[in-house]
Amino acid sequence: MREYLAYFVKRIGLSIFVLLGLSIVIFTISRIVPGDPARISLGANATEEAVELLREEMHLNDPLPLQYVYWLGSALQGDFGDSLVTKRPVATDIKEFLPASLELIFLAALIHIIFGMILGIVSAKNNGRWPDTVIRIFSYIGIAAPPFVMAVLLLLVFGYWIPILPSIGGRLTPGIIVPTVTGFVSIDSILAGNFAALRDNFAHLILPALALALGNMFQEARITRSTMVDNSEKDYILMMRAQGVGSRLINSKYLFKPSVIPTISIMALDFSSMFCNAFLVETIFTYPGLSRYAINAMLRNDLNAVCAVVLILGVVFIIANIVVDIIVSILDPRISIGAGGN
Amino acid sequence: MEKHVENQDQDIVLDIKNLKKYFYMPKGVVVHAVEGVNLQLKRGETLGLVGESGSGKSTIAYDVIGMYKPTSGEIIFNGEPLHPDIHKRPLKQKGDMQIVFQDPGSSMNPRATIETNLAFPIKRHGGLKDRQAIHERALELLRFVGLPEEYAQKYPRSIGGGERQLACIARALASNPKLIILDEPTSALDVSIQAKVIRQLIDLQKELNLSYLFITHDLSLMRNLATKVAILYLGRLCEIAETAEFYSTPMHPYTQMLLSSIPVVTEEEENLRPVKLESRGEIPNPANMPTGCGFHTRCSRCMEICKTQHPQMKEVSPGHFVCCHAIEGKPVDTEAAVL
Amino acid sequence: MEKNGSFEIKDLKISYKVFNGELQVVDGMNLRLNSGERMGLVGEAGCGKTTTLKSVLGILPSNAVISSGEVLFNGEDVLKFDNKKMQEFRKKNCAMIFQDPSSALNPIFKVKDLMMNGMRNSLAKSKDWKKVAYEKAVSSLRDVMLPDPERIMENYPFQLSGGMRQRVCIAMAIATDRHLLLADEPTTSLDVTIQEQILKLIYKLSIEKKLSVILVTHSMGVIREMTDRVSVMYAGTVMEVGDTKDVLESPQHPYTKALIACIPKLTGSGVAEGIPGRVPDYLNPPKGCRYVDRCPYATAICREEKPKLTDCGKNHQIACHNCGR
Amino acid sequence: GGGANVPNSSSSSTGNGSTGGGESLVRMAISDVPVVDPAVAITESALILYPNVYDSLVWPQADGSVVNGMAESYTASEDGKSFDFVLRKGILFHDGTEVLAEDVKYSMDRAIEIGQGLGFLFANKVASTQVVDDYTVRFNLNAPSGVFITSLVRLYIVNKDLLEANYQDGPYGDKGDYGMTYLQNTDAGCGAYEVELYEQNQAITVKKFADYWDGFEANNPERAKFMNVDETVTQVTMMSNRELEISNPYLALETYEQLDAIEGIEIAGFYKGDLMALSTNTKRAPMDCEHLRKALAYCIDYDTLINTLYPGSYRANSCVPTTVMGYDDKAVNVSFDMEKAAAELAQSKYADTIGDYEIEIAWVANCPDREKIALMLQANAAQLGINLSIYEVPWASIVDTSASPETTYHMVTVITAPDYTEAGCLFETCFSDVEHGNPNTMSWAGSPELDAKIADAVATLDSDEREQKYIDLQEEFMDSMPMIPLFEQRFQYAYQAGYLEWTIANQPVPAIMGANVILRDMLIYPEKK
Amino acid sequence: MEKIQKRPQSVRSLTWKKRWYRFSRNYMSVIGLVIVALVVIMAIFAKWITPYPEHAGAFTDFANANTAPSAAHIFGTDNSGRDIFTRVVFAFRNALKMAVIVLTISVPVGSVLGIIAGIRQGTWIDTVIMRFTDIFLSVPSMILALAIASILKPNMTNAMLAITVSWWPWYCRLTYSTARSISRENYVRYAELTGGSFAHIIFKEILPNCVSPILTKMTLDVGWVIMTGASLSYVGLGEQAPIPALGNMISSGIKYLPDQWWNTIFPALGIIVIILGFNLLGDGVSDLLAVEEE
């Protein structure tokens, strides 16, 4: 336990350093571009006085390093300034949109992990036979189709041709209202005992989640398959078999566990790639998540929001990485978490 | 004494003086890999360094060659002290001293042909620039170690382990070295191939007047190869003697234990082995050294003093040194010893 | 099942399918072993020792093909066993010690888990099998002279030294009683002192429990100390087989002779030349005797025809056309 | 903060609104969800929302005039510098308090002081606002203005007491944030609808305000939901699933055809004074050459534009929409003629060097048809050796770049719409000499002389005289082509005609933004769904 | 001179023959190679093999807009009457151009930095390089690319710049770990002990051993760069009209779904095919470059 604590402290220390670096990079980029953030923020018709007022407030008349210090200072207090797009504090926006994105991405991750693993196992067990071939062909295509293309195709199929899913856009069908507690509609609707809402929420999530998950899912199936095939001829499996251990026990435990470690250790990367892809997928499905918010912010030069979102995503990924590392270290005793970077 | 040393200087290629090497691990653990070792190697001779796994054999070799910086102690090579930092050693010194590693798999660049692998020391130390000359020198070296010339264009992985080891020896010869450190060069090979490699080494030594620091754990092999044998246990020397003396009258309990454990093929050999000593336990962890004599935990002749005090090196007969409380002899000053 | 524990390999041929053809690795392997006997199997690296042993337990890699031959245990052909019988055979009759201890233990499970589940099937189905298994595991760890077995049970393989890992493997193989032990170079990675301890242990078991052992090794010395009989294998065939003493003292086959000459002796009699050449290319092995390219006595017939194992003394056979010359 | 989006009053409405079935709800796609503060936001979607949740003293009419709204009557002083308005009695804010002259004054002061949003319409004009009595308010202007009354259609009255009770920290001294935080997600108006649920960036739902002073018709929708739905695909899907009643007006022509083909969906077209034009940056080389601008104007195939790309729209020959008072049909006189274009180019000072320049033309993202205009111009201009590069730019970035002549794109496809229905409004917003640009001033054609003339025209009280001055002005400065007017656009909305009656569909509407999406003009028959 | 020139040549070609044999045994890699070869050839000769090369530039023909696939326009025409097949082929060309430029900049930069840090592991050089890399790796590359591209002016050059900035750290990390493990190999130690210079160790000992993972990743990355580029251009941050790019073709085509499906489907298939090709080839490349085993 103490090792874990020490590891946390070390990792968090490093992460803070990395985040500081990231904040400098992103802040600098955002402030050296031409354009007056105050004017951008207030829009075309605002009077000059109003703009000047805001400029003072944003410290735009100070030198850049000082601006950074001010910005960082308030960012640390959770104040990233106001968003141009929504006219609200960016922090409020993030608090609202991040759960939506996370909800979507968690569902996508669930699909990707579970079905990826199942497909991989099925494929490995049928190594060389037709289910394997079918899964592999699908994998090749699935991996090659970018999620936004996948999104368009899913929309075409389930939006027009076989319109079985209720609607696109939003997290719930208009009219269904669930009191906000956690910000995760699914959890909130469970808390409220409103299972109709849960179902509805799921119906809204499933297509974008699929669009996000499919590529990664096939990727995972491929990795799981190949590690399982490789590992099944390792001495340690042969040894088990030679001892007369039942093949079900071997497959489900001694072969499975070492084979999923590679998959799990790239999970943080998968998670981050899903966040990336969510940028377009949320836009296509008009899903009100952080990624869509971010892309709007980016397209509209909403610099406060861009900086904040990039930083927040940085934090999210650092957490994701730490979590994945811990899971891997629990699964794989060879990786001693105390040893840190070495 | 002083004079004596100077006289010998011409002849002594390598002189290791009170060498210590500690590894500082996380959480304050200190591994005493080498703990005050004195060794001397004369020109044209082979010093056999024997010990169990983890006893510090490779560490001594790496200290000499410059891969590790010794914690303390001095290494004199050809009469000049070696700088602990490899980057500060003169190029000539690097060429005069070569190493052959245990693992034939990783000692040559797998992406380059044998010739390309040989080309580097040829260029660097042979001073050759012309491609034709380098090519010819590479072929010459291969012939030298008894490999066919076609091997120059092969990749290391496509030839056998023994041949690869011979190629490594050829590479080591490229800089016309005085000393070759051989870190278990044959322990990964079959006996038949080992025989080939060892034969080649012996022939080369005669031809080129090379000195070998030969590391191994195979005492039978050592018998046929070394001029002098040193036994290492937990980073300390237990016994050093000329080969014949060493095998005819092994003194240290550990040496006896090792010799008695060797499986042998013929009856003659069996008769040469000391009386069967029950081998017990295994080598302790150098990070957690036992007090006193390192061997007392396994020694059948362990006395009280062994548990508290490390014995001093003693000369039992000329050139035969033993480090054991149970053995009588002339104590030797470890700081200035000539072993 | 009749329990005389006899074991025989007859004319076994195994090849590996690789991208550019078939490696005909084991080529007409023959081996006979009586109950309680210790048989040595020596040979250079890559001559098919491991392949032979793996075929007995049915754990060959997927690209291996057994093209002909029989493996008879108690008169039954193991190669024809169905899954269930094979499982039974593995559980009850045959154990194997793998060559490389660092890869034979699943790296992410504790020794405890590996040992107990390894035994699980061979133990009678009882409710407290866990307890029984644990106890058995601890005692067999103690048997292989590992200090503090309870602690080792809680360790992961990577936390043990090579020697300890090898002994864990051995402990797993001997934890439950079986009739046949296939020991594939059980001591190569060990120091001489430890090697001695382990070999003694196997010897003791073989005597006490009437365990038949096939001991694969490179080392003639080990053969001499451990075994009753020895088979000298070269490139997938047995070249010479006989009582250990006989073979070592008066080897008949040119290969055995050369091999023994290569062994450095404690007497200091110098180092031999080594056997010229290499193990043949298994893709296109020589048609006749596989040793032909390295044999100083090779004649025309050696190239043409495979020699058969023929008697050349009491309990002593060699496969050579020049037998007796 | 506005994290939780459950208004206190929603408990009564959630019960009956949980199924989509027979609800009296109008859902409309808009490009983003505005804040509900008329002194802050000025996006198109905001301008759709405001007339529904707020009310104004006067209401715009399709013919360009205004009629009394909240005002019972008004009088102007002789010099045209002071206006007295008498409020109707008994008008209630959504919180049930009565609208008084105080509130009108407060609304005007607030708009000016905040200076964002619609405040600019009044900022330099209104000198002071006086409360004469509870129901009478007086506006004093800096200069006489003939257009002031018309501009009051954009003064949305907010609830003074309510906002004062909700001040938070902010830069406006003792007024704190002036209630801006409060108005982010709720309203303080007295319009026919009140904000019920505000879902950040996603949707805003309004519901009928039962006590609205002007009352409702029987089938006016109970609720309306303005949803942030951009993507065409999504809109089409939702329309065909009857999850959306009204589309946004920026779909591609093909999409309207496709929607029209769906049973029950029809297209409503409006001319609301939206003039599609190419602004030309007259301060940036090489567009600073008048001949080049004219050459480009000759490169445009107007017939194709009107007939093929924007059917239903008509040709505009001026910088003023045809439906606005003061439009001059002869201000611009060009047609598609590559020869004339070549001739103009030959006169340009850049005639020889034009190939070295890259002329940027930006079109507003999410309006796919506008790309075609750019493509057409690009293809034709290429024949003259003029290199046009096309950028798809989000509106916000256009706003951003339009701050200075250096950063403004050479050409931008813009729609200019008046904030009130007179040419003078456009002159003021597009050509008055400002330091800081905005999307209306991307031509950078303003000058002090022009300013003076505009001011003079606008101050003219007599409307006929004013109109003549507008016409003269147009002819004078459109001669140098500071913008290339293309056509007046027919705005098209697909709507669920099967169960939604949009009473003003395809009828003339006031030529200001948002005037066509008035919920009280809609009748919904949920049972027909 | 001549003599030695020739001999290594023949050995090399033999090795390559063997490798090619290994590669061609995997028919998936061969399919990948065929796809990639076709795409590259189409891209290079786009001007000659497309029926309407002028449609890839400033061109409109509104009378022919949105016609379904036919003999004259096998993929149909888009909203401005341009031949979609032509535009897809030119989009391939632009996508490949982008991938090549991005990779030729980011691969050497990232690889060399990674190798230097890997060799000097544990020193301040390692710390500086790898922490700097960590900063870039702390945010997913596409988000970084989007953020940078959105701040800059939207065009191809800036999109490439943005992708490059977010791409090199991956190569840095790749070669770092390879270099770290290789620098413990005996042959590198030998070179060091025998007086090999820093440059010798980087370029002669370590780099050749990183080439295989780098090339494999590069081949795969061509696909991913193209995808990232397409994503950027989908949101309007890449190539600008009228220049065809796969992303902007899809994003403008999506507005015409489902009736004018050809506007979207063909560019979408284009992306899938091109990424598929490079993925398949990438698998083969690692086979092709695997070290010779006995």
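A, B, C, D and E are the chain letters, set down in written order, and residue numbers restart from 1 in every chain.
One rule holds for everything that comes next: a residue touches a chain if its C-beta (ideal position, glycine included) is under 8 Å from a C-beta of that chain, and two chains touch if they have at least 3 such contacts.
To keep track of the chains, here are their UniProt names: A, E = ABC transporter permease; B, C = ABC transporter ATP-binding protein.
This structure is a prediction, so every number in the text was calculated from the model and none was measured.
Undergrad: List every chain that touches both subunit A (ABC transporter permease) and subunit B.
TA: Both subunit A (ABC transporter permease) and subunit B are touched by C, E, going by the contact rule given at the top.
Undergrad: What chain is the most remote from subunit B, judged by the mean position of CA atoms in each chain?
TA: Between subunit B and every other chain, the largest centroid distance is to D.
Undergrad: Which whole number of Å gives the spacing of the CA centres of subunit B and subunit C?
TA: Measuring from centre to centre gives 33 Å for this pair.
Undergrad: Return the distance between the CA-based centres of subunit B and subunit D, expressed in whole Å.
TA: Centres of subunit B and subunit D (C-alpha means) sit 90 Å apart.
Undergrad: Between subunit A (ABC transporter permease) and subunit E (ABC transporter permease), what is the gap in Å from one C-alpha centre to the other?
TA: From the centre of subunit A (ABC transporter permease) to the centre of subunit E (ABC transporter permease) is 24 Å.
Undergrad: At which residue positions does subunit A (ABC transporter permease) touch at least two other chains?
TA: Within subunit A (ABC transporter permease), the residues that touch at least two other chains are 152, 155, 160, 283-284, 299, 301.
Undergrad: What are the residue numbers in subunit B that touch two or more other chains?
TA: 160
Undergrad: What parts of subunit E (ABC transporter permease), by residue number, touch at least two of the other chains?
TA: In subunit E (ABC transporter permease), residues 236, 254, 257-258 touch at least two other chains, as defined above.
Undergrad: Determine which chains touch and list them pairwise.
TA: Between chains, contact exists in these pairs: A-C, A-D, A-E, B-C, B-E, C-E, D-E.
Undergrad: Can you list the subunit E (ABC transporter permease) residues touching subunit A (ABC transporter permease) in their complex?
TA: By the definition above, subunit E (ABC transporter permease) touches subunit A (ABC transporter permease) via 28, 131-132, 134-136, 138-144, 146-148, 150-152, 223, 227, 230-231, 234-237, 250, 254, 257-258, 261, 264, 268, 271-273, 275-276, 279-280.
Undergrad: Name, in rising order, each residue of subunit A (ABC transporter permease) that touches subunit D in their complex.
TA: 34-36, 39-40, 42-51, 53-54, 56-57, 84-88, 92-93, 95-97, 152, 155, 159-160, 163, 166-170, 173-177, 179-180, 196, 283-286, 288, 293, 296, 299-302
Undergrad: Mind listing the subunit E (ABC transporter permease) positions that touch subunit B in their complex?
TA: Touching subunit B from subunit E (ABC transporter permease) are residues 1, 4, 7-8, 11, 15, 185-187, 189-196, 200, 204-205, 208-209, 211, 291-294.
Undergrad: Spell out the part of subunit C that touches subunit E (ABC transporter permease) in their complex, as residue ranges.
TA: Contact set of subunit C toward subunit E (ABC transporter permease): 19-20.
Undergrad: In the complex formed with subunit E (ABC transporter permease), which residues of subunit B make contact?
TA: On the subunit B side, the touching residues are 65-67, 86, 91, 94-95, 98-99, 101, 103, 106-113, 115, 117, 120-121, 124-125, 131-132, 135, 153-155, 157-160, 171, 175.
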